[in-house]
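A quick write-up on the structure given underneath.
Chain IDs A, B, C, D and E follow the sequence of writing; residue 1 opens each chain.
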Amino acid sequence: MNKLFKVADRQLKRLFISVSDKQGTPPGTMVYTGTQKTEPLRITVIDYDAETISEQQDVTTEACVALKETNTVSWINVTGLNDTEAVGRIGSEFGIHPLVLEDILHTTQRPKLEDLGDYLFLVVRMLFVEPDTNAIHSEQISFILTKHCLISFQEASGDVFDVIRDRLRKGHGRIRKMGADYLLYALMDAIVDNYFLVLEKTGEQIEGIEQSLMENPNSLLLNELYAQKRELLYIRKAIWPLREAIGGLERGESKLLTAKISAYLRDLYDHTIQVIDTVETFRDMLSGVQDLYLSSMGQKTNQVMQVLTVIATIFIPLTFVAGIYGMNFEHMPELGWKYSYPSVWVVMVLVAIGMLVYFRRNKWF
Amino acid sequence: MNKLFKVADRQLKRLFISVSDKQGTPPGTMVYTGTQKTEPLRITVIDYDAETISEQQDVTTEACVALKETNTVSWINVTGLNDTEAVGRIGSEFGIHPLVLEDILHTTQRPKLEDLGDYLFLVVRMLFVEPDTNAIHSEQISFILTKHCLISFQEASGDVFDVIRDRLRKGHGRIRKMGADYLLYALMDAIVDNYFLVLEKTGEQIEGIEQSLMENPNSLLLNELYAQKRELLYIRKAIWPLREAIGGLERGESKLLTAKISAYLRDLYDHTIQVIDTVETFRDMLSGVQDLYLSSMGQKTNQVMQVLTVIATIFIPLTFVAGIYGMNFEHMPELGWKYSYPSVWVVMVLVAIGMLVYFRRNKWF
Amino acid sequence: MNKLFKVADRQLKRLFISVSDKQGTPPGTMVYTGTQKTEPLRITVIDYDAETISEQQDVTTEACVALKETNTVSWINVTGLNDTEAVGRIGSEFGIHPLVLEDILHTTQRPKLEDLGDYLFLVVRMLFVEPDTNAIHSEQISFILTKHCLISFQEASGDVFDVIRDRLRKGHGRIRKMGADYLLYALMDAIVDNYFLVLEKTGEQIEGIEQSLMENPNSLLLNELYAQKRELLYIRKAIWPLREAIGGLERGESKLLTAKISAYLRDLYDHTIQVIDTVETFRDMLSGVQDLYLSSMGQKTNQVMQVLTVIATIFIPLTFVAGIYGMNFEHMPELGWKYSYPSVWVVMVLVAIGMLVYFRRNKWF
Amino acid sequence: MNKLFKVADRQLKRLFISVSDKQGTPPGTMVYTGTQKTEPLRITVIDYDAETISEQQDVTTEACVALKETNTVSWINVTGLNDTEAVGRIGSEFGIHPLVLEDILHTTQRPKLEDLGDYLFLVVRMLFVEPDTNAIHSEQISFILTKHCLISFQEASGDVFDVIRDRLRKGHGRIRKMGADYLLYALMDAIVDNYFLVLEKTGEQIEGIEQSLMENPNSLLLNELYAQKRELLYIRKAIWPLREAIGGLERGESKLLTAKISAYLRDLYDHTIQVIDTVETFRDMLSGVQDLYLSSMGQKTNQVMQVLTVIATIFIPLTFVAGIYGMNFEHMPELGWKYSYPSVWVVMVLVAIGMLVYFRRNKWF
Amino acid sequence: MNKLFKVADRQLKRLFISVSDKQGTPPGTMVYTGTQKTEPLRITVIDYDAETISEQQDVTTEACVALKETNTVSWINVTGLNDTEAVGRIGSEFGIHPLVLEDILHTTQRPKLEDLGDYLFLVVRMLFVEPDTNAIHSEQISFILTKHCLISFQEASGDVFDVIRDRLRKGHGRIRKMGADYLLYALMDAIVDNYFLVLEKTGEQIEGIEQSLMENPNSLLLNELYAQKRELLYIRKAIWPLREAIGGLERGESKLLTAKISAYLRDLYDHTIQVIDTVETFRDMLSGVQDLYLSSMGQKTNQVMQVLTVIATIFIPLTFVAGIYGMNFEHMPELGWKYSYPSVWVVMVLVAIGMLVYFRRNKWF
C-alpha cells in the first residue's frame, strides 16, 4: 500500500471516528469524540478595546466568567476538549444550551450556524497545511459569540489565528476599534484564507499529476489521482455547508451583529463561494485528468501491442515458408535445384517488405 | 452465486414484497404486508412522570385506552402487526384515521410525517446491525403522538430503544421531566444514532474493499463492490425522505410539540443531514473505488499481455532463423561452412539483445 | 432481432404514433390518434347512492345526459374512442371545452390535471400486465369529474377497475356512501396500485438478469438489459408528470372535491411518490447491473486471453530450441554428442517449469 | 468525411454564424446576421374579420401602416430580412423599440417573450423537415402582436403556415371569429406541431440506427449516432427556452391577450412540455444505443479474438512436438522405432482434443 | 509536453496565482495580486455630454476628483493596478469602501455586483483573443458607477473598448445623449460581445478537432481535446456568475440606473444567457467528440488486431503441417511417396482458403 493511501485512510477516520463513541448516551451528554485525547485544556484570553490590550495564558474557568460583564472585547480561546467538565463549567457560566456543548465536543460536526438569541453558535472546520509534514490538518473550531465575548473552542493548540493575534497586539487597522462580531469575522476570514492555501497546494498536486501524465503515464499516477479525488471529497464535505452557515450569518438579523459588520460578512461569503467554485473546478479537472490518463494508457498499450503484433505477423508466414523446405519428403524437386535457396530468400524478403509497406500505409504501426 | 448477493436480493424483497398482497382491497383496509407473519402482538407500556415510573408487559388493548386520560406520559409499544384486528381496536380507541392504520400495517412506507390535528403520525425505517449475523436489519416503525401518549408500532420485538428504557428507569437526565414529545424525540434520536452505526459498518466494508484492491485486485471484489452499491441504494431510499419528515417536525406548528423541544428537533435534523451527507460521500467513494478497480484490472491485464507479447515477439524472429537453416536444399553453401553454427548463435543473441534494449527503452515492459 | 427488442419498438410506437395523424388540423378538431381504430364505442353506466345501485350496458349518449341532473353518483364509462362524433355529443351535452375533447382523443397526452371550474379534467396513463402475454399494456384514460358524474374515457375495453366495480356492487366499505370525487380517487388508486404490479414484474426481470449475470454472463443479457432500460424510460415518462397532477388534485381548491377526500388524495400522492422512487431506484440498479455486466465480460475475456497467452508464451521459446537443433549445419558438435537429446529435454522442461512458476507467482493465470 | 457529418457541421454554423458580423456596432444597430443574404423583402397581408377576408401580395411598407388603425385583424407577414431599412421603416411606424428590431434581424436569438406594453415581442425558432432533401430546416421567426395586427418576420419564404392560411380562407372553425392573439396562438401551434414532425423523423432515425445495430453492428453507425446526438443538442437548444417563453405568454397579464385565449395557450404550453420531454427521452435512448453499440462491438471483437487465440493455442504445442522430432541429433532413439510416427500423431490428436474439451467446458469459445 | 498544455497550465495559474500573496493581511488591505506587476498606473478620462467631448491622457488622481462634481458624464479609465497607493487615493476621494478597493486589486474575483447605495460596484472578467498569439487573454475589470462618473479599473492597457471610444468621439447614436449608466451598459455589452468572439474561436477549434478525428484519429487529438475541455472549464468559471450579476443589475432598484436603461440591461442579460447556453452546448459537444474519439481509436485498434490475428491464425496450422513432415522418424511412409509433397501443398492451400472463407463469412476481417 503506497503512502498516498495512508493519508486518505486517515482522512476517512477523521470523518467517521466519533460515531460509535457516544452511542447510547442521552442527548446533551458531554463526551469528547475527537482524537486529541491527551491534550490538556488551556484557556488563553485576549482582552482589548481601542486603547488597551491584555493577554493572559492559562486562565481558570472562573476568571473567564468575570470577563462576561466588562465592556472590553474578550477573546476566550479554549484548546483541548478532553476535560469535558471544565468545558461544561464554562458553558453553564455563559448560559450555553447543553446540546450546543455536546456539538462543541462532538468534533465531527457539519459546519453550521445557530442563533440562540443571547448568543450565536458557529461550528466550522479549520483546514491547514502542516508545514513539516506537508499534510492537510483538519480540526473543528466552535465559536460562541455573546455581546462582548467571543469564545473559541479548539481540539488542540496550533491554529491559523497568529496573524489575528499580531494584528490585535500591534493595534493598527480596524480590529481594535470594533467589537466581538468583527473579531469573529476576522477569525473566520483567517480560516477561509487558509482554505485557499490548502486548495493552492491541491492545485499544485493536480498540476504535478498532469505533468507526470504528459511525460510518462504510469500506473502509480492512478493511485495518486484516486487519493486526490478522495482528498477533494473530504474538503468538499467540510466546506459546502459553510456557504449556508456564512450566508445565514450575513442575512442574519441577530442583535449581536452590528450594521457595520455586514459588508465584511458579504465579503467573507464571496470568498466562501469562490472556495466552493474552486473545489468544483478541481473536481472537474481531476475527472478530466482521469479520462486523459485512461486514454493515454490505453493508447500506449495499443501502440505496443500493435508494433509487436506486426512483428509477429511478418515472421509467421516466413517461418511457414522455411518450414515447407524443412520437410523431409523424398520427392521435393525444388530441393535439388541450384537457385532454390537464394530464390526462397528473395521471396521471403519481398513478402516481408510487402507486408511492411501495406501495414505502414494503413498506419498500423 | 456468492453470499453478498444473497443479502442484496433479500433487500430487494424487503423493498417491494408487500406490493401485490394488498392488490384489490379498498383503501383503508387493514392488511399486514410485512414478513413477520407469525410474530404475536404484544403491548408493553411504560408510564412515567418526573417522580414515578411503572412498566407493564403484555397489556391488553383495553388497558391501553385507560392511559389516554392520565396526565403521566405513556409509551405504548406495540410489537407484531399480524393481529390486524387488535391494531384496529387500538386505532379506533385513539381515534386514528383508517388510512393511517393502513400505513402502519403496510410496512414498506416511505418515511413521512403527517399532522392530523389531534395527533401526529410519523413513519420511519429503523436500521440496525444484527450483532450475530452482522447483517443490516431493517424494520418499519410508526409513531402516533397524542397529548400524553406515544404509541409505537414495530413489526417484531427487538429494537434500538433499550438505551432509552434504561434512561427512563434510572430517571436521571431530562427525559423523565419532559413530555411525550421529548420521548418521541429521544426514540427518533436513537434510530438516527443507529444509522451512524450502520454507516460506520458500511464505511469499514468500503475501506476493506479498497485495501484488498490495493493489495490484490481480483474479480471477486467486483461483486462485493456491486453489493455495497446496492446496499447504499437501499439505505439511501430509506433515509432521504426522513430529512423532509424531520424538517417538517422541526418547523411544525403542531400544538403537540412544546417550545422546549424545538432545539432538540433541530439537533436531530442536523444529524439526519449528516447521515445523508455521509451516504452521498460513500456513494462517491464507491464509484471512485470502482473506477480504481477497473483501471487496476485493465492495468494488470495490460502488463501481463505486454510482457508475454514481448517474449513471443523476441522468439518468433529467432525461430524463423532456425527454420531457415532447417531447410533441406541441396545447395545451401552456409551449411557447409565451419563457423556457420556459432555465427548463427551470435546473430540470434544480438537480435534478441537488440530487441530487448529497444523494448525496454520504449518502456514496453 | 430478438424478442425483447420487438417489445421495445412497439413501445416507441406507442409513445409517438399519433404525431403526424393530426398534423394540419385546427386546434380543437376531434381526431382519434390511438391504435384501437376498430373498437366500437360502448357506454356503461353505474348509478348509485348509499342505498341503491343500477348498472346499464350499451347506454346511448342521450341517456347519459339525463344522469347529469340526478343526485345519485353516476359513473359513465366510455370505451372505444374511434366514434369521435359520439364523443363530441357527450362532450357538448356536458359542456366540455373542445380542447379538452381533443386531448381525450389524442391518446399520447402527458398526464395532467386541469380545473375548468365546472368540471375537473384528468388524463393519466393506465399500465397493466396483460395476463396472457405477460406484456405491459398501456392505455390513456381521461376523467371528467362534475358534481354528480364521473365520465371516464378508455381506448379499449379491459381495464383495472373490476375491483372497484365489485366493491360498488357489494356495497360495503366507504365507496357507496361517498360522492363522485371519492369514485375518482378510487379509480386513480386502482391505477396507481397497478403501477406497483408493473414495477414488481420489472423488478423480477431485473433480478432475473442479475441472477443470470452472476451464473453465466453472456451477450444476450446485454440486449435484455437494454430492453429493460427502455421499458423503464417509457414507464418513467408515463408516471413522472402524474406526481404534479395528483399533487395539484390534493392541493386543489376545486369546489368539486369535498373536504373528506383530502386525506385520501394525500395517500394517493404518497403512493405516486413511492412509485417514482422505485422507478428511480430501478434505473440506478440497472446501471449498476450494466456496470457489473461490462466488468464481468471484460474479466472473462481477460482471463481467457491470459491463460491462452501464457500457454503460447511457454511453448514459443521451446519451439525455438527445437528449431535450433533442427538446423542442418554440418558443423554442429552437439548433434553428435551422446546425451544431447536428453539434455535438451531437461533444459526445455526446466525452462517451462521456470516460466510457469514465474507466471503463477505474479498471478498471471 | 461522411455525409452525416456535413449536416452536423452546417448546423454548428447555423448556431454561431452571426457572431462576428455585428461585432463593434452600437446596440440597436440594424444588421441582418442570417444566411439568406439574397432573399428580397416581400410583405404579404391577410386582413380578415368574421365576415370578410382579403389577401394581398407584395404590399409596400406604407400600405401596412394603414392597417394599424382598422378593426379587422391584419396578419402582416414579412419574408426576407436583408433589406434592413425597410424593416426599420415598419418598425418605426409601429413604434417598435430599436433593440427589438435588432433582435429580429439577429437571427440567432434564443427563443424569448417580451411584453413591451403596447405590443408583445416573441422570437421562436421554426424547425421543419424539407420534403426534398429530408434535412431539417431551421429559421428564426419573430412576432410582433399589437391590438389588431400580428406582424411576423421570416428570413425566407417557405414556412409551416399554409394550414393556417387555408383555414383562414375557408373561414370555418374558430379562427376567423377571434382576434390577433388567437392568430398568434394558431401560428405558434403550427410551429410546435412541426416540432413533433421533426422529432418523429429523428425518432425513426434512432430506431433505424438501433435496428442496424441489432443486425450488423459496424463502425459507420458510430458516426451516425454522433450526428444524431448533435442534431438533438441543436434541437434542444432551440426548444428549451420556448417553454419559458410560452409559459410567460400563458401566465402573462398583457392586455393584448383576451381571456378566451388562455385555454389555448395552456394547451400550447402542454405541447411544448411534451416536445421537451420527447427530446430528453430521445437523448436517454441515444445514450442507451451508444452503450449498446460499444458493448456489441467489444463483444464481437472479444469473440473473434478468443476463437482465433484458441486455434493458435492448440497448434503451438503441437508444432513444438513436431519441432522436437525435427531435431537432427544423432542419438535420438525414438527416431528409429517403428511406431514412433503414428504414436506421435496419436499424442498430438489427444492433446488437441483435450485442449478443445477444456476450452469448451470453460466456455472459452 | 505539447504546446496546448502550456496554455492550459498558464490558465490554471491565472485562476489561482493570487491566493498566497495576500495571506495574513488584515481585510481591506490593498495588495495587488495580479501578474502585471510592472504596468505603470495611467488614468485616461473621457468627459462628455450631448454637445461636447474631451479626452485626456495621463490624468492625475487629483484631477479626477474635480470630475466628481461636474454634470457631464466622466469615464475615468485606470490601467495598471500595481500602484496601490494611487488606487487608494482615488478610492478615498470617491468614498469607496476599503473592501471594494481590496476586491479591485485582488484580480481573481468571481464576477459580482454590489449595490453600495452611493455607487454600484461591478467586477467582471474580460476575455479576448489576442490577435498576434491567437491565445485567449483574460483580465479582471472593475467598474464603479456613481451619479455622473464611471470609473473602470484594468490590470493592463489594451482592452475591448475601442469601439465604444470611437462611438463616443463620432457622437452619433444614443451613447452621447445618455448618462453614465448607459456607458456602463455599453462597456459591458462590448465585453459580452467579445465572449461571443472567444466562443466562436473555441467553436472553430472544436470543429477542427472533430474534422481531424474523422479523417485521421490519432493520439495527439486527445491532448487537444483535453486542453479544450480545460479552456471551457475556465471560460465557464469566468462567465457563470456573470448571469447573476447582470440579472441583479437588471432587476436592481438602484437610483443610479435610470428607467430608460432597463430595456438595454434585459438585452444584455439575454446575451449573457446565450453565452452560457453556448458554453454548455460546447461542453456537451466536446464530451460527444471524446466519446467518438475513444470509440474510433478502439475501433481502429480492433481492426488492426483482427486482421493481424487472422493472418497469424491461418499460418499457424500450416506451419504445424510443415513441422510434421520435417520430423526425422525413420518410419514415415508418406515421406517416400511420390505425390506426397504436392498433396501437402493442396491440403495446405485448401485449409487456408477454408479458414479465409469462414473468417470472411463471420465478418472477422
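Keep in mind that, in the parts below, contacts are C-beta pairs under 8 Å (C-beta built on N, C-alpha and C of every residue); 3 or more make two chains touch, one makes a residue touch a chain.
Here is each chain with its UniProt name: A, B, C, D, E = Magnesium transport protein CorA.
Given the structure is predicted, the values throughout are model-derived calculations rather than measurements.
Asks: Using direct touches as single steps, what is the fewest number of steps from chain C over to chain E?
Replies: Between chain C and chain E, the shortest chain-hopping route counts 2.
Asks: Taking each chain's centre as the mean of its CA atoms, how far is chain B from chain E in angstrom?
Replies: 43
Asks: Mind checking the centre-to-centre distance between chain C and chain D? Centres are C-alpha means, answer in whole Å.
Replies: A distance of 26 Å separates the two centres.
Asks: At least two partner chains per residue is the criterion; list those residues in chain A.
Replies: 298, 305, 309, 312, 316, 319, 323, 326-328, 332
Asks: Using the definition of touching given at the top, classify the network of chains in this structure as line, ring, star, complete or other.
Replies: Basically the chains close up into a ring.
Asks: Could you read off the chains around the ring in order, chain A leading and chain B following?
Replies: Counting round from chain A, the next being chain B, yields A, B, C, D, E.
Asks: In their shared complex, at which residues does chain A touch chain E?
Replies: Those residues of chain A that touch chain E are 163, 167, 173-175, 185-186, 189, 193, 196-197, 199-200, 203, 207, 210-211, 214-215, 263-264, 266-267, 270, 273-274, 277-278, 281, 284-285, 288, 291-292, 295-296, 298-299, 302, 305-306, 309-310, 312-313, 316-317, 319-320, 323-324, 326-332, 362-364.
Asks: So in the complex, the part of chain A that touches chain B is made up of which residues?
Replies: Contacts found on chain A: 1-2, 5, 9, 12, 15-16, 19-20, 22-29, 97, 99, 102-103, 109-110, 112, 114, 116, 216, 219, 222-223, 226, 229-230, 233, 237, 290, 293-294, 297-298, 301, 304-305, 308-309, 311-312, 315-316, 318-319, 322-323, 325-328, 332, 334-341, 344.
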